[in-house]
Amino acid sequence: MENLIALLVAAPLLGAVVLLCGGRRLDRIGHLLGTVLAAASFVIGAVLFVDMLGKGAEERTFTQHLFSWVPVEGFQADVGFQLDQLSMTFVLLISGVGTLIHIYSIGYMEHDERRRRFFGYLNLFVAAMLLLVIADNYLLLYVGWEGVGLASYLLIGFWQHKPSAATAAKKAFLVNRVGDMGLSIAIMLMFTTFGTFAFGSVLPSATDASEGKLTAIGLMLLLAACGKSAQVPLQSWLGDAMEGPTPVSALIHAATMVTAGVYLIVRSGVIFNAAPDAQTAVTVVGAVTLLFGAIVGCAKDDIKKALAGSTMSQIGYMILAAGLGPIGYVFAIMHLVTHGFFKAGLFLGAGSVMHGMNDEVDMRKYGALRKYMPITFATFGLGYLAIIGFPGLSGFFSKDKIIEAAFAKGGTEGWILGGVALLGAAITAFYMTRVMLMTFFGEKRWENDADGNQPHPHESPRSMTIPMIVLAFGSVFAGGIFGVGDRFLKWLEPVTGHAEGDSPVSAMTVTAATMVVLVIGVGIAWAVYGRRPVPAVAPRGSLLTRAARRDLLQDDFNHVVLVRGGEHLTRSLVYVDHTLVDGVVNGTAASVGGLSGRLRKLQNGYARTYAVSMFGGAAIIIAATLLMRAV
Amino acid sequence: MNPVNYLYLASLLFTIGAAGVLIRRNAIVVFMCVELMLNACNLAFVAFSRMHGNLDGQIIAFFTMVVAAAEVVVGLAIIVSLFRARHSASVDDASLMKL
Amino acid sequence: MSAASVHSLWTMGADSTAKIPTPHIEYAQLSPVLIVLGAACLGVLVEAFVPRKGRYYAQVFLAVVALVASFAAIVALAAGGYGSTKAHIAAMGAVAVDGPALFLQGTILLASLVSIFTFAERRLDPEAHGNRVDSFAAQAASVPGSESEQSAVKAGFTTTEVFPLALFAVGGMLVFPAANDLLTLFIALEVFSLPLYLLCAVARRKRLMSQEAAVKYFLLGAFSSAFLLFGIALLYGYAGSVSYAKIAAVVEGSVSTIDPALADTMGNDALLLIGAAMILAGLLFKVGAVPFHMWTPDVYQGAPTPVTGFMAAATKVAAFGALLRLLYVVLPGLRWDWRPVMWAVAIVTMLGGAIVAITQTDIKRLLAYSSIAHAGFILAGVIATTPDGVSAVLFYLGGYSFVTIGAFAVVTLVRDAGGEATHLSKWAGLGRRSPLVAAVFAIFLLAFAGIPLTSGFAGKFAVFKAAAEGGAGPLVVVGVLSSAVAAFFYIRVIVLMFFSEPKADGPTVAVPSPLTMTTIGVGVAVTLVLGVAPQYFLDLANQASVFVR
Amino acid sequence: MSFPLLTATAALPAVGAIATAAVPAARRTAAKWLALLVSLGTLVLGAIQLVRFEPGGARYQLTESHAWIADFGVRYELGVDGIGVALIALTALLMPFVILAGWHDADPLETHNSRWRPTQGFFALILAVEAMVILSFEATDVFLFYILFEAMLIPMYFLIGGFGDRAHAGGDEAAATQRSYAAVKFLLYNLVGGLIMLAAVIGLYVVAGTFSLSEIAAARANGSLDMATNTERLLFLGFFFAFAVKAPLWPLHTWLPNAMGEATAPVAVLITAVVDKVGTFAMLRFCLQLFPEASKWATPVILVLALISIVYGALLAVGQRDIKRLIAYASISHFGFIILGIFAMTTQGQSGATLYMVNHGISTAALMLVAGFLISRRGSRLISDYGGVQKVAPVLAGTFLIGGLATLSLPGLAPFVSEFLVLVGVFSAYPVVGIIATVGIVLAALYVLVLYQRTMTGPVKESVRGMPDLKVRELAVVVPLIALLVFLGVYPKPLTEIINPAVQHTMSDVQKHDPKPQVEAVK
């Protein structure tokens, strides 16, 4: 049974290889093949899941060792898998949502002549992501980690003819590389500390290591997480990543890949537990991003960018939770899963809307779409309710728990974090309501697109709507299924461990508070966007709004400091290399040449000059010999 | 009389000859200066021969003269042909090749 | 001078007449020299009596036979153990017959043999009035461009005298490294110098330059030999003898024959030091070491190219032979005085030659400067003052001489309307026109540059190794640096030949007769053999590295 | 006397070179095929070496030893350790692809006259280089190695200067001058290095009295050879300088961009993937083994220089406008990693460095050759002349991307393994250095992706419209290389098993031990 684990990765990987190397002859069936293989790994996952449920909590960790990867003296890197409850959760999420999005893409990418390749990339992503979550050591995890980075690069830049897409892809990869730097340094630190980097040997012995080292490792892991999960300060790529096809945004930049950071931190929980400072750093990053993303989400008129901001903010919640330690791990993952459902659903909805609107993304050019695409409206609406944490829907359970946990952290820290979390909830409610209103309610504000053809919105084909419906179900019930009776808690506890914090405020109060802020947020949004018509062109807006529209200016910062600075640096270095490093050498050669030129002038053709030099030479030699003797 | 004086004289002659080689332009004269240097050597040889009381020096002197004669033969041939070609026996005019 | 003293001189002479022993000459051991000189005299007779049509062939035949025979004699002597065990001093102490002498004489003979082939080459220039012409003037005596010259050309005269002259020169060179007293040294020097002066003057093309070269060479040569002679005189005055053995004995202080009258007036060793220095100056001139090098470029450029090759190779061998013998046999006791000086000379020679060569534009001048640089390298070996040093120098000379002759032989092939096209710009794109010739020349250049797998590298390595072992490490470093500089201009020529497009009015490459082909072929063969499998020759050099005293 | 496998491996291409050169002018294609066959034959011999070599066995295996120049204490001594055998395999492996890729690079132009036979010369020279490189990997006699180290410059020199890249902005004239400048620069840089090494070689002889590695090692062992500290350091510097030029290490690197820029892509591969490896190989084989103490003494400086190379090379790569020069600077950065690994003096570092030599060879070959195909299509090396190629020639773009990803050492492709090993090895000995070196990862991504974006993506440029995709011959070159990259990325075990013992030996030469993992904090 355990030997099936490898197949989880193998199936989609096979798909990727076949589709990418297969050539045009696969164009017709390519998308089906890809979908089938993605589904296959979901099935395998399900089978393993069932098998796992059948076992007791303690033997629920499956392992499979394939071969020794890099056997070098004192350095053992193996290709081996470890499938425990945590990994299993991810496996199901990834392969499940992944399959749905494959199906969705069949319709969405119908008219793209490079659809085969698209599915190849999707499969590649699924394979890499699965590898990431079932690897049994950090180095192999790193492979998956970069693998998803590559897939994300390829998919963001899928429409390479658009320079913006290519640039966005490059940006994403580079920013992620910065994070990867952190991961690799973390691995090196583990190697020098523990002499290995396999989960099995690092995590148990983590507590032996000095706190200083653990903090260092933790911070490096955090850096990695920031890169992959678009957390401040490495969040800048996520917004641009929306250049990619919408299914990609749904799968990679909402449901799965961006949550890899959370996985990494929760997986390395033991290390963080022993390194409080690192944990604090994590919570701070989470909290900041939470607000950052939310604020950005409020200002964007591009529906996908707005959702991207929300994603950032939601992952902020997860990171925050993960930073809280044992009291938060489970809820981080729980929110991650529920978020996977409703955010994927929302994105697919957005995609469906764009599909009907000639790929128009500006919400100010939407409006009143609920009549035209009812299914989309319904599913999107459910996702909306879920994310703002409407009681009973999945978002409610997971987010609520995180806020509780934040308070439970205790002390001023707890108050601050809890407050931030609450505030975030309010803002979430505001911007999601805003999106909802601008898109589906109000007057219709459509315009002819660039090619001048009138958009006539219509419901998307079944291949697209079905996944949306399924996800909508997920976003409605997942929370309940997990939350009620702490099922999810019990399921994960053996891996992550769990602790009850001593919350200064009771759970009920927190829930109540959440409800209040929720209402406030929705209310404000209604006041602004619901009561009066939405202007088709964005008003200038307050300073904050304008800043938020520009991702709070941090992109400009990057541009000025990093891009420009880098350009200047390289240009000056090229100059230095040419003039200085090379110049020295050429200079030497030139000077020797000059010397030669001057010396040869002595050879002036006059025999008497030659005689002089001989005579002088003889004289010098005589003098020298005598001197030698004299001294 | 101190035999060293002969040596001084020889050196003097040698230096005069050398100086002539360095300053005179006419190839013939230069050549004569070289001959003068050779003769300076001869003087030295003879003087030393006398000093050491063996005949080697004197014999060498004869050899030197023969060699000098041979040099004259070769040298004049070359110089004369040069002179006929250029109508000038100045060593400074003979400077086609330089640098 | 008083009458008495005159009389005493007479009587002294008179008494000594009875003591004059009948000289005892080992003709067998001197046979190499005698054969060559004899052949040279025969050559003169040939000039006198053989009709003009036949002379060329007679002379070539005579010269070749003589050289081969002489070489055979050398081999016989070496086989007879005269190189090692039976090495001794022949001809009443005048000539040494020992390893270095035989090795160098062998080298000189082989070098001369192959250069004689280039002397005899008659296919390069177009036939003038139905007569094959070589690279020598039809009638050296006739004024350039005069009617007499034209008529001489019409009549098909050729300067076949060059062969006896060359033979005389060879004869002198054979004696030079073997000379065992200063007189013989001087005579040998003159014997090979005078013919060379003449040979320089008899080029067929560019006669004015040729004559100018001859004049410069002659005057400066005479000048230097005057120095040499005066040095000899001083040493004689110091030691009371010109025989190496005796002088060495005096220098080491075992015997003291210095005249008391001199001793009290000038420092005991002043004569010795000055004399030695002047003799060194004379020899360094022949070697072409800085600052006695300035004749080299002009003479190399002006002289007929075959002669240049011959000079560059054979003269260097002979001169270094003499230098070695002088320093190792006569002046070892003076080592601490001359070594620093030679250090300085070697350094300036290596650097000077290499640096100045960079900006040369004439291939022959370029090679001249390269020969100067090489003289510096060889000096580094000379300074080692160990048997290794000697063998290294011998080996180097062996390899170097063939590369040089080969290189100059190739130069004779590249011709345009004005004879040899020696200006570098003319050589552009030669590799495209005739890859083979260019490739051969490239091999020679690489050998000069000391690239591994050529004789140049083996020789350089041997010399530097000896120097390093002799405690001259810094010299090795300088040598290495200067060979880096030198590499630059050899490479420049290769670039020119292979990487630059051929000029429209570029020179043509003449197809030579088997004679020159042999020369070049031998050159290439020796270069590669000594580069790849030098062991045998190194052994030879090692066995030959001991001077008889 | 068993079959002299090592000699044969080097002799086959040598003979092949002569044979190829002798092919008459008219039969150009025959020469090509002959060269290809010879290179394949060599590959077979290299494979046999790989098989015959026992990882557990003696340090040097398949040894041969014959008297050569007794007077210089030189013997013709061959033997391979794991490092050597791996690099020989790499060389033998790359050659067929190089030849195949350069199939038309040396076809004569109309301007050439009939006597000029570039094609024969081109392939003969390539084979000659192969022979010398292989022999230099096999030589266990310092002198023999030195001779080859120097001699291989000559054919390389002619390859660079004689058969330059025909795609040149400034037209043929400029091309010719640029090319000969590059060739001369290449030769002089390396010659100077070699000559300085020559002085050291002679010095070594004076000190040790022999050139045989084994004898020197023995003498060292029984204490009969103990160099004075300063002597050892001077000699080390002499050797290292030459290798640093060849490798090349900052600031001795400036010859590489010119050479790689002007040479045809296959020759550029020859330079960076094969010939330069001799330099890094020699650092491992000679510097560390002959002068362990001096090596340790010099380590700090060398590490700094290597770091500079990594960052500096990468930054300059970003700044390049010329595709091939960009790849050249990338190589400089990679050589920095290799040298870093060698002088970290940890097992991981040195295994990584050795592995890196092989992987870098393959990855650069892949990238550079594809770039060459691209350039040959458009006739320009300027990045700005391309754009949107991905649309017209997807396969070319795809392979180019994979080559690039290998160059930025993406996990799953071969270079990642070696780069990570190097980093770990360095980090465990010198944490700060290791951390700085990781910056190279980001920069690598930068220059590769910028290159890819500018050339392959974006709207299709007029100039590349209708550009043909890879032909069969070209695919035959690229596909195996990529397959190899993937294989070695996933399963490098076969290589590491061969390399490890050799590295152990080197480690014992320098008497270094890996720092033990320490759980408690570093004081």
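Residue numbering begins at 1 within each chain, and the chains themselves are lettered A, B, C and D in the order written.
As a convention for this text, a residue touches a chain if its C-beta (ideal position, glycine included) is under 8 Å from a C-beta of that chain, and two chains touch if they have at least 3 such contacts.
All values reported here derive from a predicted model rather than from experimental measurement.
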item: Geometric centre: closest chain by C-alpha means; value: D
item: Inter-chain centre distance, subunit A versus subunit D - centres from mean C-alpha coordinates, in Å; value: 37
item: Chain centre separation in whole Å, for subunit C relative to subunit B (CA means); value: 23
item: For subunit A paired with subunit B, centre-to-centre distance based on mean C-alpha positions, whole Å; value: 97
item: Centroid distance [mean C-alpha coordinates] between subunit D and subunit C, Å; value: 46
item: Set of subunit B residues in contact with two or more other chains; value: 18, 21, 30, 91, 94-98
item: For subunit A, residues that touch 2 or more chains besides their own; value: 589, 600, 603, 605, 607, 611
item: Of all residues in subunit D, the ones touching two or more other chains; value: 188
item: Those chain pairs that satisfy the touch definition; value: A-B, A-C, A-D, B-C, C-D
item: Residues of subunit A defined as touching subunit B within the complex; value: 600-601, 603-608, 611-612, 615
item: Subunit D contact footprint on subunit A (complex, rising order); value: 20, 67-75, 79, 139, 142-143, 145-147, 150, 153, 157, 160-161, 163, 165-167, 170, 173-174, 177-178, 180-181, 184-185, 187-189, 191-196, 205, 208-210, 212-213, 566, 569-571, 573-574, 577, 581-582, 585, 589
item: Contact footprint of subunit B on subunit C as seen in their complex; value: 1, 9, 12-13, 16, 140-141, 143-144, 183, 186-187, 190, 194, 197-198, 201, 207-209, 211-216, 218-219, 222-223, 226, 229-230, 232-234, 236-237, 240-242, 257, 259, 261-262, 265-266, 297-298, 301-302, 365
item: Subunit D residues touching subunit C - in the complex, by the definition given at the top; value: 67-72, 111-113, 115-117, 146-148, 150-151, 153-154, 157-158, 161-162, 176, 179-180, 183-184, 187-188, 191-192, 195-196, 198-199, 202-203, 205-206
item: List of subunit C residues in touch with subunit D within their complex; value: 431-435, 446, 451-453, 457-458, 461-462, 464-465, 468-469, 473, 476-477, 480-481, 483-484, 487-488, 491-492, 495, 498-501, 533-535, 538-539, 542
